[in-house]
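Two complexes come next, and they have one chain in common, chain A, joined by chain B in the first and chain C in the second.
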Partner chain A sequence: MMTVKLKDGIAKYFLLCSAAFSIVALLAIALFLFSRGIPAMAEIGLFKFLFGTVWHNNPGATNQSYGVLPMILGSIYVTALATMIGLTIGIFIAVFIFKFCPKKIRGILEQLINLLGGIPSVVFGLFGILVVVPALRQISPTFVGEGILAASLILSIMILPTIVTISLNSLKAVPRNFYEGALALGATKEQSVFKVVLPAAKSGVYTAVVLSIGRAIGETMAVIMVIGGSPQIPTSWLQSIDTLTALIARNSGEASGLAFEALIACGVVLFVFTILLNVFLMTVKIKRTNQSYKLTLKRHNERQAQKLIDHTSFLHLRVALLYKRTKFFIKYPFVKLGQFFVWLVVVCKLNVICRQLSELLDKNWRAESRQKAWYAFLKVSSFFAAFLGVLALVGLILFILIRGTPYVSWHFVFGKYTLDNPTLTPAIVGTLILVGIALCISIPIGVGSAIFLSEYARKAKGVKYIRLAIDSLAAIPSIVYGLFGFIFFVGLFGWSYSLLAGGVTLAIMTLPTVIRITEESLLTVPHIYREGSVALGASKVRTTFKVVLPCASVGIASALIQTVGRVISESAVLILTIGLMVNIVPDGVMSPGTSLALNIYYFGNFGSSDQAAATCVVLLIVVLLLNLVLSFVGKRLGRNNFKY
Partner chain B sequence: MKENIIEIKDVQLHYGNHHALKSINLSVSKCEILAFIGPSGCGKSSLLRCINRMNDLIDGCRVRGKVVIEGFGDIYGKGIDINNLRKNVGMVFQKPNVFPMSIFDNIAFGPRTHGIKKKKDLDPIVEDSLKKAGIWQEVKDDLKKSAISLSGGQQQRICIARALAVQPKILLMDEPTSSLDPISTAIIEDLCENLKINYTIVIVTHNMQQATRISDKTAFFLNGEILEFGETTQIFSNPKNEKCEKYITGRFG
Partner chain C sequence: MFIVSKNKFSIATKLSALLLFIVSVFGLTACDYQFRVDRPIIIISRDSASGTREAFFTLLFGSKQADIRLKLGSIELNSTAAILARVSSDPQSIGYDSLGFVNDSVKLLPVDKYLPTTQNILDDKYKLWRPLSVLYRIDRMKQRHLSAFNDFLQSQQAQDIVQSRGYVNFPSSEGYAEYKPIADLVGTIRVSGSTTVEPMMQRLREKFLDYQPNCKIELTAAGSGPGRNDIKNDNSDFGMQSAVVTQSHIDDIEQGAGVGNVGQTNLAIDAIAVIVHSSNYLGIPKSDLTDDIQEQGQSVTMQNLANLIDNDSGVSFATWKAMLEFQ
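The block that comes next holds the complex of A and B.
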């Protein structure tokens, strides 16, 4: 039957194309950044650019100078400080939720942290403007408030949910018998958690660190609103400085000529840095394994288990356990594989851990009591950190709500925009158009890529390059996407500032998310469904689209919702691509416009803090609703009847 | 002497470096039930999956030798339409793998795959297949219900019905009752007896009694080789091979 073969061929070709899109996008971004950034660096002089300490690009000024060192240092300082604060508090919160928290509030806390992870960064920025900066001004009369400390504080609150979620997941992945084993040796609850379980969860904590560094260094909107924006070498914590991201976002609109090229060169620096960070992350974290590897592992384990059953009897119990474990792989491949590795590592190290513990406990009573005091301190710290972190996050939300709600009215949201009475109508229409464009592009291509990666790519050779491209796309800061959109769509394509340019850029940015979520849900579809379909004589394409894909529909739905969430929250990309036209309702995709998140920046930066807070309230309600839908869909996923 | 519908000639199978099947020769006559017995990991399922090329789905699996099926010639030869082959050689798996869709859609999936799309054509096929699989009476009133809501035994019979709906000549069963309770097992064994009239069945089983109850011929596997092959009554009453005797009597394995 030629038609079936033809169909198979066409489908595979289409899927390959969509998967290759990631590579093309990455190369395009790299190409356009480098082709303009590198000559600019050459013109300025690489050394002068990277290590020059003066950035001076006022239009018309004669002594223009493009030294980017202050911004690089600024980025590093802010990121380092934010990560340190966020990490310390975040890990303690994770430990608290994991072991010390009363069962009743554990679920609520986890939900809350998840929810807070979805807050748009521009909301944090506004919180910075309205609360953190005025508070810091109280420190000394000469201090302007904006600067390293303010930005770091805001960023540390912002990355908190990420750190807590990842650390908590890896704590949960540590097998229970470690903890029980430690307790059985006479260790206290605190000792067991801090000495045994937490070290066993180390790899997850590393991942959290690297991810939050990536997030902090790439963050634009939260930073730009509180950093101050003076391009000078940071010498004190309280100083107003600038970061790479904020510099690009602030100046790209007006800069021209070499000044603009220099900003692209800054984009190159950011790009290179995040790619390096990404490569580092890949070497640290457990290698992402594709399905084929997992299947061979499963089969291998099953065979080993069977061999043991065949030839020995006394190992029966352990084999049964191993067998049970291998069964789990099919159900939750990613989590369980991770667990299995951790389990493996720790089983190998268990005797070492036991010895250390017993030595620990054998020491004389004074050392013991000192130990106990130390662990009690750690425990109290975790309570305190949890209190502090939750207070900051909840306080932020409450503050915004209290501040903004009085100004939310029917007219404010849907009324006609006038200078005296600004409304959100243009922003809402703009946001809807952006969401539409982004979904139309990223969902088909993303789902196609995911199908290719999970169903077709097992034997293909270029797959690791596709994965590398996707991982890299996921790591690139949004401001770099914004620069790319500005050069490519706004400039080169001649779309000028338009919703189309913003929407397409956002589509590329959200692509990795769509691919990851869809692929994960495709991987949970039991292999025997595929076998069942193929055994009936169904072709590959029919098996994939009629059997496997419907099973993953929940995953695709959640990818869709998360994409909507990211598009709604994003503003750094839009500031460079859609023109920030807040007063006119856009009449089509080619029209310039604004979005809700961008409006917050606009209102916040230009003194209309009431409107900004009210917009935040609207945005938060939308995000909250999306989260509700998502958790509803997630529950459907939980109810999904994969019995294997 | 009935004519052979499957002829397996010198089949070798490797999973990576693991030599799973070592020169297997076997022939199966029309309308008989052949049982594969032997300890786990000895290659029973691997050989079964050679007969409809399901091994193609497994990475690193290589097959050498010939599997000749009536009407197809050597199925590992060139120009074989694999989808058509699998239509003619149906398979039932160890675990019931009904798709997460309605009972009707499950049964109709195969016929639809092969070009029967109209509901009025599908209705009789679905009914007929469900009747053959002995589950029509239980599900005829709620064909729209999700197949996943059925019990394990019912699901397995749905799987059998689904396999029958594409009208195969041969039915391969890979431990079809190993995850079922005794009552469901008995129902499926009865089913095999009835299906024998029209179909050739190859069944892998760990259950000796099952093999004696339903099969005409039995092949005993050990470490990728067939150590004994013959009439079921002969193998179970008077095995020639010493290891086969030990296995059957439960003294090893």
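The block that comes next holds the complex of A and C.
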């Protein structure tokens, strides 16, 4: 008995340590940011810094001025709009894949969405500059296509996979009897999905909001190419403006002295902004998950079912909707913004469409048919959203394939690098090393933290701080990680530009993703498994590792996909930490190097856009293969689950 | 109360939504427009880390270039290729780029009546040009492999490569010597800095390694400014520069490297081309650029370019017409 207890204790403390790692990482980043950013703010003057409208930091200028208000506003506008568009389309796509999609194309669609997650932001930037911006220019009164709208559109495509994957996972996690119960009560398929299953999956949607806001506000490389870059206060959707991340990325390489410290101060602003957002979201979430997970869901389900039965008359429905909407506004104005947008679109368009269609098709205009029309509209919206998402994706992939495929050859991928015949060998070796380092660090620590959070400390008091740290790490923009890695690992640790510095920075950056996904999948493991295992006399640690963890292996596999995808597609961090040595195969972790995504940036920069597109094709193939392998593994593991 | 799950509207709504989408997409792509003089000028510029931008501003504004604020509302992009792509797709735009990178997707604009031909650049008729160079720490040149590489950069072989890349050789009064390989030379040479010089440096690196196969050259590029910082902080042996190296640059580097310890080797001369969309009626494509091209009738002046770019100049050209008429 002693040994079992000892084992349990050791395991618990090991898991606690890995969970605490997030806090340590967050504190390190905060310490470095504040210790350099706060003095800079003091020197500039806090008010002048935050509310100044003139930014001018040319090296050597005598009239330097550091006012970041235009960039703060730019970041907020772009992020808000991108999240609204992405969330609206993303949730509908998730619902579409979940229920309305024909079984044959469901797998393909999920693969496509995963693939979208693996496309590096540089490619989105290139797509934006070649397709989106020229298209917007046609309708722009100022003849400028860059700006808030272009950046938001690109970003909303980028955050789609995050939203769809997480929403879909949590939709799948809702017990099937919710849906069946609603059907049994007489609701239609659409009503059951939108009124019962979707609200029950709310926690996943909140997670998606947190992660996608983090991604949107932190995105650098795609934004920098379509935002314009003029430091002025935004007055129009189609106008060259700037965001905080783009500003940091554009200037951090060469700025020195106060100009560089001012950029770190910008990093502080981003950091504080994301932390505040997370604290806010956490308070909202805590209110919601006060009772245990399932009880909440059950009650919610009962309430929704009751409402469904009650609201057979249209008037009731409208009143309920109105009440709900006002409640949104009073209670959580910001969180509900995305949801409100959905409602707004639905409700505003609804009257017109319903009336016309119904009058056309149904002379009697009964409440029943109005309600039906509404759900029909929701269903059509989800079809339409899936169509839009697939269109954007297919357009992007076709664009890359048509540009790049003719240049892909055996020699291009594996040959020796010369200036006339640049090859990808150094980049492939570099990418493999980076992925290796990142996975070696982030998977054990991430899975450990997830186990601790979901199995050991579901109701413990201090856990909310760990959760806050994880959420904050997830929301910290990658460019801030880049700055951190540049000063901490490259400078302070003396690793200089090396794959190790880049890999470790990436590991910290991908940690929250691993924790999130693993935890979500641990939550889906039925509680009865744990009870059964404990009842049979297994210890806690044995239950966790032998029963619960194998059941969640699909989630861990999906965490792996996302981590690898993130590492492969990241460029903002790497450009500051691993140097950009495209021509030599790195001979170890301490050597500077390059990755596939950085090569796209490099080729794109030097006018070899054919090679850039070809690199994209190679990268897509890698991501596709990875997805196929992992989905195969996932299926096998999933099949094994049934045997338990 | 049972609700029938079959609904009649979905197909009608679906079709109308699809139709609306298709119409809007086609509507957007159908109206392509061409260059018109009565439409606004859109300025495309590099970011402030760029040596090309610094060189361009120095040529236009002289020593007060750092104080100049780029016109608000102009587009700032962080790479050469992005500038080319942007200008080649926007009829109203004007941008600038290293002549070595410009291709035929855009047109070159004559400045003060002259186009950037080799002869015009050497005669200083086309005034927008800058030297490409590398900076280094002089005390480092005691190491044999570093001094050998420095000698190689000033050799005839290196200048042949410069010419083959489409740059103008840096004029030298005593001519260039032949590089003689040194037996058993080993060592790692770190080169960083300007992204403009980097492709040429890659070619030079390959040639040098042909002579000295036991050496290793680590070549990275993040911009001229980072190149100077790397020399200052000793992260690199050679810092590539695409702008004129001024005394204030040298002073800044000497804070880290020690006074009088900064040396410079000139590699080539590169013109900065002012580029416009191919539907613009001014200018010619690069492939039509030959040495016998004479003065151009219609061109922009340096003064106009300066007024166009400077946010505080007080002159605002709302349209192309306004700029071309303002002489």
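FYI, the second predicted complex is superposed on the first by the 358 of 644 C-alpha atoms of A that agree within 3 Å, B and C clash if a C-alpha of one lies under 4 Å from a C-alpha of the other, contacts with A are read in each partner's own complex, and residues count from 1 in each chain.
One rule holds for everything that comes next: a contact is a pair of C-beta atoms (placed from the backbone, for glycine too) under 8 Å apart; a residue touches a chain by one contact, two chains touch by 3 or more.
It should be emphasised that the depicted structure is a prediction, and the values quoted were computed from it without experimental measurement.
J.: So in the superposed three-chain picture, is A:230 touching just chain B, just chain C, both, or none of them (first/second/both/neither)?
T.: Touch status of A:230: second partner only.
J.: According to the stated criteria, A:186 is in contact with first (chain B), second (chain C), both, or neither; which is it?
T.: The second partner, chain C, only.
J.: May I ask you to name which of chain B and chain C touches more residues of chain A?
T.: Partner with more touched residues of chain A: C.
J.: Now for A:577: first (chain B), second (chain C), both, or neither, which partner does it touch?
T.: It touches nothing on chain B or chain C.
J.: Regarding the shared-chain residue A:537, is it in contact with chain B (first), chain C (second), both, or neither?
T.: A:537 contacts chain B only, not chain C.
J.: For A:4, decide between first (touching chain B), second (touching chain C), both and neither.
T.: first
J.: Looking at the overlay, what does A:478 touch: chain B (first), chain C (second), both, or neither?
T.: neither
J.: Both chain B and chain C contact which residues of chain A?
T.: 309
J.: Quick check on the complex: what are the chain A residues that touch chain B?
T.: Touching chain B from chain A are residues 1, 4, 292, 295-296, 299, 303, 306-307, 309-310, 458-459, 526, 528-539, 542, 546-547, 550-551, 640-644.
J.: Residues of chain C touching chain A in their complex?
T.: Contact set of chain C toward chain A: 1-5, 7-10, 12-14, 17-18, 21, 28-29, 31-33, 39-40, 42, 47-49, 65-82, 84-86, 89-90, 92, 101, 103, 192, 195, 198-199, 202-203, 205-206, 216, 218-226, 228-229, 235, 248, 252.
J.: Applying the document's contact rule, which stretches of chain B touch chain A when the two form their complex?
T.: 15, 18, 39-41, 52, 54, 57-60, 81, 83-88, 90-91, 93, 95, 97-101, 109-110, 113-114, 146, 148-149, 159, 162-163, 166, 253
J.: Which residues of chain A touch chain C once you look at their complex with the stated criterion?
T.: Residues 56-63, 129-130, 133-135, 137-139, 142-146, 186-189, 191, 224-225, 228-232, 239-240, 242, 249-251, 253-256, 309, 312, 353, 357-358, 361-362, 368, 371-373, 375-377, 379-380, 383-384, 387-388, 418-419, 496-497, 575, 579-581, 583-584, 592, 604-607, 609.
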